[in-house]
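Going in written order, the chains are labelled A, B, C, D and E, and every chain counts its residues from 1.
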Amino acid sequence: MQHYLLSLLIFTPLLAALIALFIPAEKKGVFFSLAAGACFVQLVFLVMILTGYKAGASLQFVEQHNWITIDLGTWGVLKAEYFVGLDGLNLPLVALTVPIMLIATLASYSIQKSVKGYFILLLILNAAIIGSFVALDFLLFYFFFEFMLLPMFFLIGIWGGPRREYASIKFFLYTLLGSILILIVMIGLYISVQDPDVPGKITHTFNMLHMSNPINYISNSILDPNHAWKIGSFDVRVLAFVFLFIGFGIKLPMVPFHTWLPDAHVEAPTPVSVILAALLLKIGGYGLLRIAYPVFPEAALHMSWFVGLVGVISIIYGALNAMASKDLKRLIAYSSVSHMGFVLLGIASVTTEGVSGAMYQMVSHGIISALLFLIAGVLYDRTNDRMISNYSGLASKMPMYFGVVLIGFFASLGLPGFSGFIAEIMVFLGAFKSHSVNGLLPTSLAVIATLGLILGAAYYLWTIQRMFFGPFSIKGNTSASQLPDLIRSEYVVLLPLVLATLFFGIYPQPLLDFINPYAQYLVDVVISHGKVIGSTLNH
Amino acid sequence: YFFEAVAAISAISIIFIRNVFYAALLLVVCLLAIAGIYVLTFAEFLAVAQLMIYAGGILVVIVFGIMLTTKISGKPLQVGNQHVLSASLVGIFFLSLFIRLFASESFQVTSNAALGVQNTYQQIGVLLMSDYVLPFEIAGILLLVALIGASVTASLKQKS
Amino acid sequence: MQPIHHILFLSALLFSTGLVVVIMKRNAIVVLLGIELMLNASNLNLIAFNQLNPALFKGQFFALFVIIVAVSEAAVGLAIILRVYQHYQTSVPDDISELKD
Amino acid sequence: MVTEIINSNWTVSCTIAALCLPLISFILACIIPNRYSWVVTITSLLLLFVSMIMACSVSLTILNNHEYWSIATTWFSLSKVHFTVGFHVDSLTVLMLPVVTIVSFLVHLYSTGYMAGDKNVKQYFAMLGFFTFSMLGLILADNLLLLFVFWELVGFSSYMLIGHWYDKPAAGAASKKAFIFNRIGDAGFLIGLMIIWANAGSFNLESLHHVEIYSWQTAATLCLFCGVIGKSAQFPLLTWLPDAMEGPTPVSALIHAATMVAAGVYLLAKLFFLFTPEALQVVAIIGTITALIASLSALVQTDIKKILAYSTLSQLGFMVLAVGTGSPQAAMLHLFTHAFFKAGLFLGAGAIIHSLHQLEHHTHQHFDVQDIRTMGGLRKELPVTFITFLICGAALSGLPFFSGFLSKDAILNSVTAWAGTSLSWKWFIVISAFAIPFLTMLYTFRLIWYVFFGENRTKAIIGQAVKFGEVPFVMRMPLIILSVCSLWFIVSPNPSEFHGWLYHTLSVTPEDGISLTTVISAGWVLLALVVSYFYFRNRSIESSTSALSQLLYNSFYLDKIYEVIITVPVNKLTALTEKIDIRWVDGFIHATVLVNVTLAHVISWFDKYIVDGGVNGMARVAGSVGSVTRSFQGGKIQLYIFWAVLGIIIFLISMLI
Amino acid sequence: MEQVLTGKLESIQQSFAFFLPEIILSIGILFILMMGIVFRIRENKTDSDKSSDHRHTYSIVSIIILLASATAMLTQWSTLIKPTALFVEMIRVDQFSTFLKIIIEASTIVVVLLTWRGKFQTKLSEYYALVLAIVLGAHLLMMSINFIMVFLSLEIISISSYILAGFSFNKKASEASLKYFLFGSIASAIMLYGLSILFGLTGSLDFTSSSFSTALIEKSSPLMFTALLLALAGFLYKIAAAPMHIWSPDIYEASPMPVVAFFSIVPKLAGFGILTKFLLAISLMSKSAYDWQLIISAIAILTITIGNFSALAQKNAKRMMAYSSIAQSGFLLVGLTASLPSGIHFMLFYAVVYAVANVVVFLFLQYFESNNIHTIAEFKGVGKQLVWPSILLFVALISLTGLPPTSGFSAKLFIFSSLWEAYSISGKPVLLVLFVFGLLNTVISLFYYLRIPYYAFLKDSTGTFKQHNLTFENLFGFILVLVILILFFLPGMLMGWINKITFVL
């Protein structure tokens, strides 16, 4: 049982989706309970995993089975595995995914249009997200990574807002472009890496752990770290890193590959926005930490300033755009761009603090953005109108809602006591320290990043001022009677998130216990491998 | 050389002649000239085949076709030109290309080997039934297919 | 100059002429004539090259089968042209353009 | 210097209790349902009272035995580094603890009267409790990170309290402005923190003491000073404080006079050992500028609270100046005295406003209850208020026998000592430092003359005889206490000697003798009093339109300047980024990343949805490219053949040549 | 002399054992023609229209023939480890061609089933005879090692195809047929000219013989190159690769659906079979003076790009599929470009996947056509009413795009892997260009492949659709989609088989 928990986690929603397939579409209520039930079962598994997990950087709950083994004749054997496991990097994200999926499912209660398809897609998406977090085989990861796209495409495209087709296509194409770049690197990697455990014929493996160890590279293969291949004047490994960076960066999203995000968010239904912001974006950061940095350490060190620069640009640019947004959801979407910039900045610093901060920020942003999109959804459910300028003085009309909004906004702008603060502080610690510890990031970059804090405060407070302060009035075709305060079902989804962000803001240690060993390990690996590879190249 | 000149002239005239019927006749002339060349290069069997099949077969079919189409359309069989520039460019290109390429090659003709060949017909017959039996059979199938095809295509008049 | 070169030049001429006819003429039947010219150009080549090693008859056989193919092509081609004629009352390929984007 | 004594467990638990009780008050206020909001008033009052008692007893104990202590526990740790939550009590803390708790308790008490009947009273008391908690945390924090946490939380509660009457658009705007200005400062603070962290590797104040001087210190301390600028409303971030007067008056008293804005000065004093001389010069200059601007502006204001706000600003500038001249003790002393008399002034103003508001309520006439032009002669109507206000005002203006005189004296002393004898630019600062008390005197008594003397203009406005009601006891009570605290003995038994018992706790080596400056300053303020009497005694305030007064009224148009150099560019920038996003990033990606044609078709497909301009042009270009690739497949078979053959030819040529 | 002759005759006799599948096909052609005549005579007698019965009979008979021939091939499989030349070096059976032959037979069976579900009923005996003739031609083409056989079998395919293209017997079809004919015969004329020069230069008609290859090395002149290129052009025409691809959209649009499905698979794969052999022969393990890798990559890039970009603008589903199949040819060429054994293995894998996905697409396109859905825009809202066909079609399209979890992804992954490997061996930049370009084109291809599902699922329908009897399509499509999915999760099943194929020149 212990050993199959991860598979159970992945396959529970798939099983539920399969069951749902055979239930006639007329029974609408059944699908909701089925999906919610599956999520609850997952939650039980998650609790079992959390209790069984021992802190440390090592992999746990590993399952490894042969998946594809193909003899390729003269150039060896191709080997892909069903290889999943948990460590400090993906455990928090999995632990984030399950509750968020539950909340998203609960928030889908009001969906009316083709319920069956909706919940089936949601369940498939659920499995794919968890799968891509726990997969340790590149091919398996890629499979889940791509497999997320299709349900998402339809969830946005069918259940979305008026411009949903445009948004869904844009989302799909962007992400596909990114995944093609990843695919290119993946192909290069597995051709260059052999499995050291299999004697005899060269075994090309997709195992990510093998990929991150320089001794497993076939000598003189295209990505062999000991042999500098060049295309034109570019080092191939640096190029591969850049491809991965862009590929995952699109998902993250980073400027200038972010424009799919606002559109997708604005058009997606609330639960889908929640999933998109809270979970899908994390896969970009996860991929960078899981693949790009360990596998190409010297390229990563070489390009870190660039990663950091893009991060800072994302922070500032996202914030400025958020300020210009007239649509509440769009604003939150841009704030996501801004916040995910911190993830990049933290990763780029390659310090324990920075990487921990980036990972913490991913979890924290997962919670907070879910909260924010649910908040936007509350308003949209009531009035079908998200334009900021159409509201004024809501605070007096919906005081409890205002309270939750305040918490959400201030959590997002990094007020101490909320999880975002811890994450941002750690990122800054890393970013400032980087200059003196490993000399990767100039201090000026970190200084500029603090501008993001000011801008963050500015756009949120401005929004509060416009929407909630002042005398009550609404424009557009809504009436005041449409605006009751929060109802019980909304509390059910909102409160856990509020409590979570408070908890992780006040008492971060439990989460850090998971995160930190991996961050430490990653930094050590990247720095030591990067230096080793760099020195062999110089000789 | 006479035959060659005839073939060349008649071929080129096809380009400039506007009447379809004359074009067909010019082709006959050309083909006959080529048959002549065959004879001169000791490929008598082929020359005969050329005469019989081309002049006798294809040309009859073509002329038949011309007459049928004329009958249907009732228009004079004039043919216009199009894409003159591109066509002539392509033509000149290939002509010059091949002439240059051929000229740059030297082909060794086995000295007087042709003279030693006798009784070509018998040899051809034997080879046809041994070495070339498969192509021979396949050619049969090809002709069958063509026959079916032509009949199928041409015969469905009443339905359309 | 080798004795076969002039034949090769002739074949090149016929090939080019055939190509020109194919591209230039507006009547499908004449295009067909052009194709025949091209095939004959190949045949000339084959026969010429056959002279390099006449005892094996390889070129001759190839040429023979080419002639057979030419016949079937001509037959089928004309059948198709007739068919089109019935539909369009023309044998000018350019006027036949119902298939377009 | 710091001795950890296990026996002092009692003080430790008392301190922690004092810290946590306001938090409990906050939590209770959040939990208690709306119906029982009256319960909140009582609980929070009680809790604060206990908190105050504890804090005072702690202070007294430690003042007696000088047993400074600190406790700490790990908050969270990364692999090698630990971040701690810890409290440290030293002389500064001991000084601040009673100030915060006493003022806070008094404000709570006052508010029960002032805020009676407000519909969001629950929320109000919750935030007051939260503020007190954060402020105490700020004082007690033993490391910079924790200090920053509370620093931000203080800002947050300030935001909430300024915006308490969120129905008023001005309140919303003011609260936003306050928070953002603070945030700007905080960003600097954060940078400073990070520089310290990156170089010294620690946040702990104790361990920072042992750090040697490095080149980074100037930069780091200047960044920290940014935080001070934001929080204590120094130049150039000073305009939020006058605006913050939109909040309830007790809040202004507590946050924007006594405690929060003073936190900056507290921070400076606490981190004084880190500051390099260069940094201190900047500090001094900024302080002087602030003080000058503010006191000049205060001269022409007409809103009673705004006058007080500007006065606060100038006093804060004065304190900062003191720190800059190397005398944090003097600054702290002034902070201490200022907290009481300024709180007293605000509460007094609140009392006036309250009663005028009642009046407005009764007579159903609308007038500006905060405008001093509508007041006058209130001496007779509100006697208690008048007296307390007068005492506090005297303290503010630095008349002898009041606490302000002594603390100001201390500052002036340090300034002159700092400037030295040689003539340098520092003498400008000395001159300004002497000008400031003079100006203070002028605007203070201008206010007092207008409000309490002369004929009663309110009656003139209303046009009927009305009965003024003195404010209720719960409001009078704090006024009296505070005014008592504004007398000299709170600083030192000797009314002319600032080296009293308080100063001892701050400074190890007291200086002796009545200095020349003391005498000069005493004469100086008296002169000012005379000037103000003759100049303002009977003069009515007409809204002056002269350029100078307008300049001062708008505090040198700082807001306008910000609008021009910050707000407008930022707005332009946001508009620009939005445009970039829609037109360039999207457009670029539409056009090239997906290799033109792809998106051309997306767009032609969705063109009815995409009405936004810009993209369409791109689309058209891309679309035409698409049709070019298609056009040569139109349907002409011979052309097809030509193309195909041409393709072969191209291949031939490219390979052969 | 006599002994030589008897030796030859004996070898010919032995050849017949290996030639069994083709013999079965040839007899099948004749048999179906006979059947047609017999039925027609009977029809004329009874004067009753029983053609529907005959439909079934024809289909069943052709399936039996194809199955018989496929069985014959499977029984030969194990004996084919060593390639065997037949009929005095005219053709050669080996596992490579047999594998492709089996794919072709299997797809033809599906095409027959499609025809059976389709609506046209005229001249069925001739139709099936022509289909079988093309299959026969494809077999021969892939086996041939002699230029004469290449030319003849190519012509069998072409001539039959010209007629099949016109098998709807309407205006459009006859036009398509004419175009196909003109283009095809010129392509073959050009190829023939190339072949004739090759013959002259090498003195050999057998392009796998040693005399051919030595001559190729010795006489590597521009003329040789020109001749090879002209010959290649003919093959490229068969596989519809640029620049000889232009015929396919018109033909696809006008031909009946089963014929289109047939065209998109059988002649194409046959063309690939011969192209592979020919390229292996002329590149001489890259000892050739000319960089064929470069040329093929250039062609592949061109083909993929033209195919994809033109497909974008199409409004007609069949036409779009035509361009898609052009692009897919380009991807298949990628496998060839690597010029590694693994590359060709993966090309075979790709071919299987492509064939399956294409069959599914055409299966459902035919079904939708019966609902009067021709243009992509007419798919509006179909997904909500005809759920299963739309989903299955969607999976097939996704597979053609090359996204997980379909085998199209595995195929693309494999094929590009071999390309990458080829690049790391040779370091030619053009391979990298092809690599990046090809994969980016996948994004573009997604665009048009997604358009049908996009209209089907995301748009609301305007009318209602007839619910035809769908069990056959659904079941059959489901099985094929299952194959697509299984080949993703367990590609080893097929690759294990393919990997046993060895290549000998």
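Throughout what follows, a contact is a pair of C-beta atoms (placed from the backbone, for glycine too) under 8 Å apart; a residue touches a chain by one contact, two chains touch by 3 or more.
These figures come from a predicted structure and were not determined experimentally.
Here the chain-to-chain distance from chain A to chain D, counted in touching steps, is 1. When C-beta pairs in contact are tallied for each pair of chains, B-C comes out on top. Seen from the C-alpha centroid of chain C, the farthest chain centroid is that of D.
Of all the chains, the one whose CA centre sits at the greatest distance from that of chain B is D. Between the Cα centres of chain C and chain E there is a gap of 26 Å.
With centres defined as mean CA coordinates, chain D is found 95 Å away from chain C.
The geometric centre of chain A is 43 Å away from that of chain E, both derived from CA atoms.
With centres defined as mean CA coordinates, chain B is found 70 Å away from chain A. Chain contacts: chain D has residues 594, 598, 602, 630, 633, 635, 637-638, 641-642, 645-646, 652 touching two or more partner chains.
Listed for chain B are residues 82-83, 86-87, 90, 97-98, 102, 107, 132, 135, 139, 142, 145-146, 149, 153, 156, 160, each touching two or more other chains. Among the residues of chain A, those touching two or more other chains are numbered 165, 169, 173, 177. Chains touching one another form the pairs A-D, A-E, B-C, B-D, B-E, C-D, C-E, D-E. Against chain D, the residues of chain A that register as touching in their complex are 162-163, 165-166, 169-170, 173-174, 177, 255-259, 262, 317, 320-321, 323-325, 352-353, 356, 393, 395-396, 410, 415-417, 421-422, 425-426, 428-429, 431-433, 435-436, 443, 446-447, 450-451, 453-454, 457-458, 461-462, 464-465, 468-472, 507-509, 512, 516-517, 519-520. Taken together, the chain B residues at the contact with chain C in this complex read 1, 4, 7-8, 11-12, 14-15, 20, 23-24, 27, 30-31, 34, 37-38, 41-43, 45-46, 49-50, 53-54, 57-58, 61-62, 64-66, 68-69, 72-73, 77, 79-84, 86-88, 90-92, 94-95, 98-99, 102-103, 106-110, 113-114, 116-117, 120, 123-124, 127-128, 132, 135, 139, 142-143, 145-147, 149-151, 153-154, 156-157, 160. Chain D contributes residues 74-81, 145, 148-150, 152-153, 156, 159, 163, 166-169, 171-173, 175-176, 179-180, 183-184, 186-188, 190-191, 194-195, 197-199, 570, 573-575, 577-578, 581, 585-586, 588-589, 593-594, 598, 602, 606, 609-610 to its touches with chain A in the complex. Listing the residues of chain C that touch chain B in their complex gives 2-21, 23-27, 29-30, 32-34, 36-37, 40, 43-44, 47-55, 57, 60-61, 63-65, 67-76, 78-83, 85-87, 89-92, 94. Contacts from chain C toward chain D in the complex involve residues 19, 22-24, 31, 93-94, 97-101.
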